[in-house]
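What follows are several structures.
The same chain A turns up in both complexes below, where it pairs with chain B and then with chain C.
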Partner chain A sequence: MTIGSFILKNALRNKRRATLSVLSVAVSLFLLVALQVTLREITLPPEDIGAALRVAVRNKISLANPLPARQLPIIERVPGVETVSPFTWFGGKYKNEENMTFAQFAMDAKKLRRIFGEAKMSEAEYRDFEETKDSCIIGKLTAQKYQLKVGDRISLESTIYPCSLAFKIAGIYSGTIDDRNMLFHQEYLDEGCGTQGSVGMWWLKVKSIGDMPKVTETINRAFANSSAEVRAESERAFQLSFISMMGNVKVFVASICSVVVFTLVLVSASTMSMAVRERLRELAILKAVGFRRRELFALILAESFGLAMAGAVLGIGGAYLLFTYGSVPKMTNGVFVVFEVTPKIMAIAGLVASVLGVIASIAPSVSVARMSVVNGLRTLD
Partner chain B sequence: MALPLKYNFRNVFVRWRATVATILGVALVVAVFVLVQSLAAGLEKASRNTGDARNVMIVRKGATAESSSQVTREQFKTIKYLPQIARDAKDQPLVSADVVILISLPRHRATNGEANVLVRGITPVGMQLRPQVALVDGRWFAPGKREAVVSSRIGERFANCQIGETFKTGGHEFTVVGLMEGGGSAFDSEIWVDADEARSVFDRENYSSVLVRAASPAGAQELISRIESDKRFPLRAVMEVKYYSEQTRTAVPIKVLGNLLGTAMSIGAIFAAMNTMYASVGARTREIGTLRVLGYRRRTVLAGFVLEGAMLAGIGGLIGCLFALPMHGYSTGMMSFDTWGEVAFQFRITPWLAVKGVVFSLVIGAVGSFLPAIRASRLPVIAALKAV
Partner chain C sequence: MGPSGSGKSTLLHIIAGIDRPTAGECRVQGIDVARLNESELADWRNQNVGFVFQTFNLIPVLTAFENVELPLLLTRLSRGQRRHQVETALELVGLSDRARHLPRQLSGGQEQRAAIARALVTDPAIIVADEPTGNLDSHSANDVLTVLQSLSKQAGKTVIMVTHDPKAAAFGSRTIHLEKGELLGRDET
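Then we have the complex of A and B:
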């Protein structure tokens, strides 16, 4: 019998305990990975390809305050700006749903392709959307969720404006990071809800990345001391400002992570020492036969490390498979669209598992080292 | 005959190392569960604790937040003189039309970015209608001046919000002249300024909401049906207390998260409890044999071991509640999905939550010890007695 098979036999001797230990490590690591991914998603939201060239302009008071439509020509004239579109949150409720499940924005349909080029639709769909004032386009995920198709009519009641609007679906797009939104004509909103003269935000595209800082600065300065001061910032900065609004969520998730890790260490360490205590007698025999302490430590360490790693493979691998191949929007009820298990997160979880394997072997190793052969042979436990 | 409880209770402590680890494991699971739920409880408490039972709140139909609601001046004029509204000593109706605006303010530590805060432009009558709010420091704002009174909890969380300081929004500056407290209500997350001043600064022609004091409870119901049935008004009237208690959109996802975390972690804890109990059963094979010889029945042994597991985890549950307890009353804040502004609230570990936590731990213990208990009860007597 080789040392390797001896360790394996020992680890699996009490199959029930081995299974339970591996499973408890796996469950905890799964949870750890899920929490880490959540933390990453809320602090670093996924980015569209075109985001680097996009600028969001909002009212400086807050996002909830509108901007005057007369700002458009001034922004258009800023050097470095390629194209500008209004972008107004409609906050519509679909059918009798309690909460909004997808966002709707009013914009300038003709600018869509130039600003949000990621949205892929057929040429006919694009043209139909641009030409029909009461039309809208919706993301693929929303279309699937409500089984909507091109040509259908939908009606939404706004929670922001005192009106409802009916739309004809001109196209279904895909290819953006979040294929859920609905887009329609600002003109249609103005006529239907009497919002002429004001828009929610401006979104614009700059000609090159180098233009970005100058463009945002010029726009901010252009409206300083006017009745509607603005904050222009890159799409990334705009997204991050949302996260800062969330408040203490980050601290919260991080502290739960550490509690999970601590619990994990505790439980596995206790299991390991149980396994060793059960065979104190055998270890005493090994000692009597002439195995040295060092070798016994290695045996215990290898067993505990092996169990922890088995748990890691199961837990981390399971999380990876579930979040990569499962339908994340469905699982999280639309809260998360992407739930990317990055190599870094897997590495962190793997590291936790290996540290765990080492820590769990310390206590039993100490008791084995202290034990005298005679006492060990006498143990009945 | 049932096993003496003492037997199982004392056994919990015989193999103390494994037991302590299991107890602590369960304690941490319960602590996380209780803490997350106490966040939701704090949020709910803040919304349920808001409003005066005599007041009726009027907002635009379909508006989900006060800041996106609109009541026009004509609508306000009509509402103002409805007969069901109570009047003060000078025979003026107790009606207040407020303006609610979300403004973006930097947080206390500059690195934490900005967040939205609810600013309420309020009239003297409006303050009278909200007796929960009291000034704790400084003075109230003077009409016609750009002065603000900040709730002390918002003052702690945002920069430039202490007395004498000035915060800027858009191009306008407000000087903080007082701090108020709303007694744990939603008003603890607001900044109050003069109504007319707010309307001019933020360029609002209309009001956001109207709050009225009904002359009598019957009057309140009449008023509600009067406004709701009037075709000219696209308005919704509701008791103020009900309006706020319906704001649960923020607490629900937290509760879901708490349950998810609790469930996932408890699975791990169940495995740990199982391990401990199996080891305990294995070590006591002879004892169990003896008990059976003495005449204790299989199901008695089974019940005894399940009880032992539940006790073990129950102690963990109690300790978990103790772990969580220091957080009780700790103030925190996050974005509300109801008002879209920062809501300041406190962790609230209610007795009911603690009971839930302990019951949760008992379930973990009972489930975790069930299989080991079955094994104990099925041990053949003779073999068990022979075991070393």
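Then we have the complex of A and C:
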């Protein structure tokens, strides 16, 4: 027998309790990882160089309020602006689906490559999209989901405008942070749904990163005190403000994480206390035969740590396997395309498990250290 | 020997270094054990004292062999040396054939013999036994007392046993009577 096997036998002496303890840690850490990944995904800044040069211009009142199309030439003339495109939410339902399952935006097809250059398509597809007014392009994930291919025709019924539009798929793109969207011609939307004169928002590209602050400031000032004041901001800032519309998600998720960890500490500490309390006499015997306080502390710590780490392996490993090899869009009903369990998130969860193992062992260790052999023997005799 | 509440177990605990006297000193092998700190006392117990309790106090998840091996985990002995000492101790108490059994698979007498093997596996000078036959039938009690007697007579161990059973006391070479915390006198055989 070794000290290790002695610890293992002690930890597994009540198999049901050990299993439930490990599972409670595992489930909690799984939840912690899921929340951390969620937080990361929704606050992840766009990392491509194109994103650093993109500016979103929306109505200052709300994203839901449209902007007048007459703003276009004014924005185009702002020094530092390379190109501008409208970007209008269509909100169409595909076939007989109850809800909208992928986003559709109307834009200036000829500006697509210059503003959203990361969308990868063949030259022929790009050209076809630019030249055909009723064409559209769709992301790879949506194409896969509905088994659509280039040349197919689809029809969408708008939930915003009183119209339906039919499109010919000119291309299927990939390589963006969200390969689900559909893009089509603003001109086609205007003609088909009578939306001439207004757009949802503007996306523009600045010539250099250095131009960004000046461009946003100039645009904001240009429409100040007009009937449609705007808020121009970088893509990163836009994304964060978009998230903030859902409330303070970061604080909300952090609060849930804290509750999860705190509950976990209580459950683990309680489990370890019970495990130690029911064998106080045995620990007294160990003391009698020569085990010192620090050795008993090490035994309890190792047991507590072992249970926590077993839970960590199950919970973190399970989350990693599920989110890495499972179909995230299907699991999240299309809310998330990727759900990456990064090494940093796994390390944080592992650290939580380690600290948990240590904290859970402190109270029982202290009580065992304080207990005299005689009292330990009497307690349960 | 002495009636309940006379202080037999307390005296035994003080001699064994698991309790401290409220006053005075207790010298064992020339050492005032009450003056040792917790850590020194733990080492001293591991090297000098073996315990046998009325309720056996074996660890239920460990086999008889592993229970006996327990005090040796604190020593620097190799696995092979530990095995040799455990086998010797189990042989001395006649329990070699039950080495791989868990305590619940042993009879009361066998459990107590395993406890005696655990007490002597570190080759201590002193073995303290607190009512070692209190939970045993007369046949098993005889077996256990015979083992303790042979440890004293043949292995040269100092066996200090507390009992209120005159039959058990008869196995000792010296009987000391205790009442209300005071030694009354002693018989020698």
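By definition in this document, the second predicted complex is superposed on the first by the 341 of 381 C-alpha atoms of A that agree within 3 Å, B and C clash if a C-alpha of one lies under 4 Å from a C-alpha of the other, contacts with A are read in each partner's own complex, and residues count from 1 in each chain.
Convention: a residue touches a chain if its C-beta (ideal position, glycine included) is under 8 Å from a C-beta of that chain, and two chains touch if they have at least 3 such contacts.
In this text, all values refer to a predicted model and were calculated from it rather than measured experimentally.
> Is A:Leu322 contacted by the first partner chain B, the second partner chain C, both or neither?
After superposition on chain A, A:Leu322 lies in contact with neither partner.
> On the A-aligned overlay, A:Asn10 touches which partner chain: chain B = first, chain C = second, or both, or neither?
Only chain C; A:Asn10 stays clear of chain B.
> Between chain B (first) and chain C (second), which does A:Ala298 come into contact with in this model arrangement: first, second, both, or neither?
neither
> If we overlay the two complexes on their shared chain A, which of chain B and chain C does A:Ile74 touch? Say first, second, both or neither.
neither
> Which holds for A:Val313: it touches chain B only (first), chain C only (second), both, or neither?
A:Val313 sits against neither chain B nor chain C.
> In the superposed arrangement, does chain B or chain C reach more residues of chain A?
In the superposed model, B touches more residues of chain A.
> Go through the superposed model and pick first if A:Arg281 touches only chain B, second if only chain C, both, or neither.
second
> So, does A:Val259 touch the first partner chain B, the second partner chain C, both, or neither?
So A:Val259 only meets chain B here.
> Report for A:Ile362: first if it touches chain B alone, second if chain C alone, otherwise both or neither.
A:Ile362 contacts neither chain B nor chain C.
> Overlap the chain B and chain C contact sets on chain A and report the shared residues.
381.
> Across the complex, what residues on chain B touch chain A?
Chain B residues touching chain A: 17-18, 20-22, 24-25, 28-29, 31-32, 36, 39, 60-65, 67-68, 70, 101-104, 107, 112-116, 169-171, 202-203, 234, 249, 253, 261, 264-265, 267-269, 271-272, 274-276, 278-279, 282-283, 332-335, 340, 342, 388.
> List the residues on chain A that touch chain C in their complex, please.
1-3, 6, 9-10, 12-13, 281-282, 285-293, 295, 372-374, 377, 381
> Could you list, by residue number, the parts of chain C that touch chain A in their complex?
These residues of chain C touch chain A: 13, 16, 18-19, 38-39, 42-43, 45-47, 51, 53, 55, 57, 59-62, 65-66, 69-71, 73-74, 118, 122.
> Report the residues of chain A in contact with chain B in the complex, numbered from low to high.
16-17, 20-21, 23-24, 27-28, 30-31, 34, 59-65, 91, 93, 99, 157-160, 162, 224-229, 240-241, 243-249, 252, 256, 259-260, 262-264, 266-267, 269-271, 273-274, 278, 335, 363, 380-381
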